[in-house]
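Look at the two complexes coming up: chain A is in both, with chain B in one and chain C in the other.
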Partner chain A sequence: MYKHRLVTIVAWLCFAFIFLPLILIVVTSFNSADSISLPLEGFSLQWFVKVFRSRSLVQSLKNSLVLALVSSTIGIVFGLLSSIALVKRPGKISTILLSIFLSPSLIPGIVIGYVLFHFLVVSLQLPLNLALILGHLLVVMPYSVRIICASLKDIDESLEEAALTLGCPPSRAFMKVVLPNLRPAMISAFMLSFINSFNNIPVSMYLKGPGMNTLPYAMMNHIEYNYDPTVSALSVMLMGLTLVLMIAMDWSMSAQRLKSKAAQGE
Partner chain B sequence: MSYGELRHINVSYDKKNFVLQDLSLDIHEGELLSLLGPSGCGKTTTLRVIAGLIDPVGGTFELDGTDMTHVQVHKRNFGMVFQSYALFPHLTVFDNIAFGLKLRNVEEAAIRKQVGKIMEICGIEGFEKRFPKQLSGGQRQRVALARALVIEPKLLLLDEPLSNLDAQLRLQMRTSIKRIQQELGISSVFVTHDQEECFSISDQVAIMQNGKIEQCDSPEQIYSHPASEMVARFVGFRNFFTVEQAVGLHIVAGNFDKMATMMCIRPEDIVLGDKTFSVSMPGTVEVRTYLGKAYQYEVKTPLGMVTVASSEDTVYAVGATVGLGFPREKLVFLN
Partner chain C sequence: MKTSRYVVLLGPFVILAMVCLMIPLFITILPSFFTPGFSFSYYTDFFTDSFSRNILIRSLRLSLITTVICIVIGLPASYYISLMKENRRRIILSLILFPLLTNAVVRGFAWISILGKNGLINQLLQCLGLVDEPVKLLYTDFAIVVGSVYLFLPVMLSTLTSVMEGIGEDVIEAAYSLGAPPVATFFKVIVPLSFSGVLVAGVLVFAGTISAYTTPTLLGGNQNMMLATLLYQQSNTLSNWTNSAVIAFIMILISLGVMKIFNLIAATVDKRAEGHV
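Moving on, here comes the complex of A and B:
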């Protein structure tokens, strides 16, 4: 294979650019110095303890988790229903509707946040928590629709017909033979939605009420006033959580494969 | 009376163009009926009407004396094998086959017994715990067949079941399907566009074109006595001429059906000799192609271009003058 030294160097530079900051954060989170700095002074877990002592961080973490969970769950349900409609009735209108469903991922979040603030909060006078959930729903819907639509298109249309000919009433055919095959798509759609809602700053910034904070926003606030490694420690915990989730997802996806491998081995 | 009767079936999606037009068809008990025709001729549509997956805009479908025209798909109890097999990817082979029985609330032990029996008949014992993804094309086919048969259907419907298999497997599978169909004595409707496949396994063949049935007969009858030019072309006749031309050139004398306007003959039924050949028509070889077991000649004659296939030892060069003989018993007259 053709290999050029320059290519190797660029590859390593990219690699370093991605991972050095992460490594730095991990290392400084265990440092006993009370600012994010090098060289290291000593090993300490005090910043991890401090994360849980900070009421604003803990509360905003809870807020963010609940928000991400609720908006992703609703997003999956709506995403599934809209995907069914879009895939089963193909045509010009469906194509246009699909672009509309996907459009929030193309519009800058800051615009969505501002517009929703005016529409939901100022004009309609909706309670802020509801507005926040609706805003996040808009952010996560494109992921559900895109992933579930793609997967649904791949599923053989005759599956439902086969179920019908075997005596399955039409109302149950979808649940029995199509939905189980959408599970992997729904899991990945949920994960992507969750992460995107959890990360979101611009929409939350406009729609969160006074005294209510989401985690990314609280972290920014924290750094503004204290440049200590508490946020590093929190970041390390979030990275760990993400890693665990990814491994869990990978494992649940390959569980089916393992099961079938075992059957093949018999 | 036939077991199943389709009468004056019309299918149209826009009320202007008819996919099926005034189609009538008989299904005989215990027999395998094939629907044969080029793509777009309406054969799959006909099958889907029988299955109940398409509602005809007019006409009736009776089975065993019961009107089935408006019975819903899931209440018909017909087994159907789809072109894509449509096996449920998330279920094992056992659960795929047991699907229909579970819906009928059959007891666990009875399910195991019936599934086991049908798997043996279809030759897929030992694959119970596999998922469809881990099976070869032929095995999937057998699972699809087993799943359709285990519910003891009143009718077995097969939609081009062999089209996704390679040539060798097709031959093997079509024999299997025929054997199983005969063993269970189940009335079946088989859709295909492959003439050889169709003729080899069918008791009755319905040849379709443009949403109509051109001819419905036994394979032998269709092969030797096609009823129309379309059917004749479909079963391998290449040479067509008007009766007027043939009489004028003394190919036939006056002893034939006076209604006939056209006649045809297969390339391999024409006798080829050199120019001294008596009772013949002269011609010049224009194109010669080698087919393996025979040479095929395009011969220019007073009748126009005639296609002849000859497996005799004498080989004629392009430009050679030859004599063509048309055996009376091989000529087919069309109205």
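Moving on, here comes the complex of A and C:
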């Protein structure tokens, strides 16, 4: 009612710009032609088969999954510990530490990759897999701290105090009262950490080595030498993974919302 | 909380931040100020060398163009989304979030297949008989801008939409019932009220574009380098530690500088807003 026709046109062009390239990838991954081209020739799953035949892609996919899993898991545990300290004892030191924990998202990724490579690999000569895990922990640190801190601040402190007054020991009060309320935040922190670690290029690129490649970088190499829909097929699988993670995140949040509504008797 | 417990809880991430961020940054960047005595000569070299200066200027220019394009497209598109019905709005917002969570390589690859020599646009142009030879679209500044806009438009849209949702229909209705045509409503009411969102998202887009590595590598090629690609070339291919440190420090300065400018503008805007009340 309040919009000019031009607004509608720009908006739809914008949606087309955002979604058409991704749709193009999905469509051509099922096309039998051996280059990305239209019109379509015929349905085929050969590019998906080819992904699993490529040893470098499969190996780097495994590496990336393990790396993302390990760094996000450690990340949310450390993130939880730090958030408790930062929220329960606010002050100047906590403010400074918080901005340090969030800084890896402000500093360009390629700079982080380079200084890590220079210090951990060249100066300290750490093994690459350890350097990779440390680097990815640094990548996920801002996400876990930011999300868990925000949620911890929102939790009504009187709940924990009630448990303590009723004679619950502090550790048990935390496990039984605070932790369950933090679950949705921990899940979103994990998912975001996972996605960011899995998609990271600049840090992994510097810390890779023989047999230690990650998927995004292996894909970049693949594109450089082969121009066929194998990468489309792999991209479709990655989009599927992203979709599953998004739905899982949404589901865990709404499940929690339903529960808290039920608890409030709504 | 007892100090001992505070230290233990914070220990892991403090050690990580020190060993993997603060100390490496310090040790890597410090030597770029010594030749061997303290001097800025590596930095003056960087700025006087036309090759590296051009890359710096290109990075700044392309990031600025990308930011402006994202704002120009983002304002009307977010306005459109913010006027949608609740259910449709939520669906479109999660759809917009989706490319944001997709790998940058995947998104770059999509544009390679569109802009490439045998890409869709060239196939189409040749099919229609408009050109005989394929047009060079890939490995140009244009391709970098398209890819960067594609990368960061979702950020702009989600930020602006959440700001515009807060404007409220009564404000728009007021403008409308006082006789403002839709165009005037958009430029005199919606755009000024979304200024804070434009600022936040603009900083994210600019800082993101200027520090991106994947997109300029895939779409710009070797000829059209940006700061991030130059840093990788200097450090990994040429192992030139001092040059790399110079570039790294300049990139950090730009990122922090953009944040600082943003905070200053935000502070003056806040003051002006207070003055009006």
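Here is the rule we use: the second predicted complex is superposed on the first by the 252 of 266 C-alpha atoms of A that agree within 3 Å, B and C clash if a C-alpha of one lies under 4 Å from a C-alpha of the other, contacts with A are read in each partner's own complex, and residues count from 1 in each chain.
Keep in mind that, in the parts below, a contact is a pair of C-beta atoms (placed from the backbone, for glycine too) under 8 Å apart; a residue touches a chain by one contact, two chains touch by 3 or more.
Note that the coordinates shown come from a computational prediction; the quantities given were computed from them, not determined experimentally.
With the C-alpha superposition on chain A as described, chain C and chain B fit side by side in the combined arrangement.
Contact with chain B, but none with chain C, is seen for A:163 once the two complexes are overlaid on the shared chain. In the superposition on chain A, contact is made by A:123 with chain C only, not with chain B.
Residue contacts after overlaying the shared chain place A:142 against neither chain B nor chain C. Counted by residues of chain A touched, the larger count belongs to C, out of chain B and chain C.
Taken over all C-alpha pairs, chain B and chain C come no nearer than 13 Å in the superposed arrangement. Residue overlap on chain A between its contacts with chain B in one complex and with chain C in the other: absent. Residues 1, 5-6, 9-10, 12-14, 16-17, 19-25, 27-29, 73-74, 76-77, 79-81, 83, 92, 94-99, 101-107, 109-114, 116, 118-120, 123, 150, 153-154, 157, 172-173, 176, 182-183, 185-186, 207, 210-211, 213-214, 217-218, 228, 231-232, 235-236, 241, 244, 248, 251-252, 255-256, 259 of chain C touch chain A in their complex.
Interface of chain A with chain C (complex): residues 2-4, 6-8, 10-11, 13-15, 17-19, 21-22, 24-25, 28, 35-38, 78-79, 81-82, 84-86, 88-89, 97, 100-101, 103-104, 106-112, 114-120, 123, 134-135, 137-138, 141, 145, 195, 198-199, 201-202, 205-206, 216, 219-220, 223, 227, 231-232, 235, 238-239, 242-243, 245-246, 250. Within the complex formed with chain A, the residues of chain B that make contact are 51, 53, 72-80, 82-84, 86-90, 92, 99-100, 103-104, 129-131, 133-134, 147-148, 151, 157. Considering their complex, residues 156, 158-159, 161-170, 177, 180-181, 183, 260, 263-264, 266 of chain A touch chain B.
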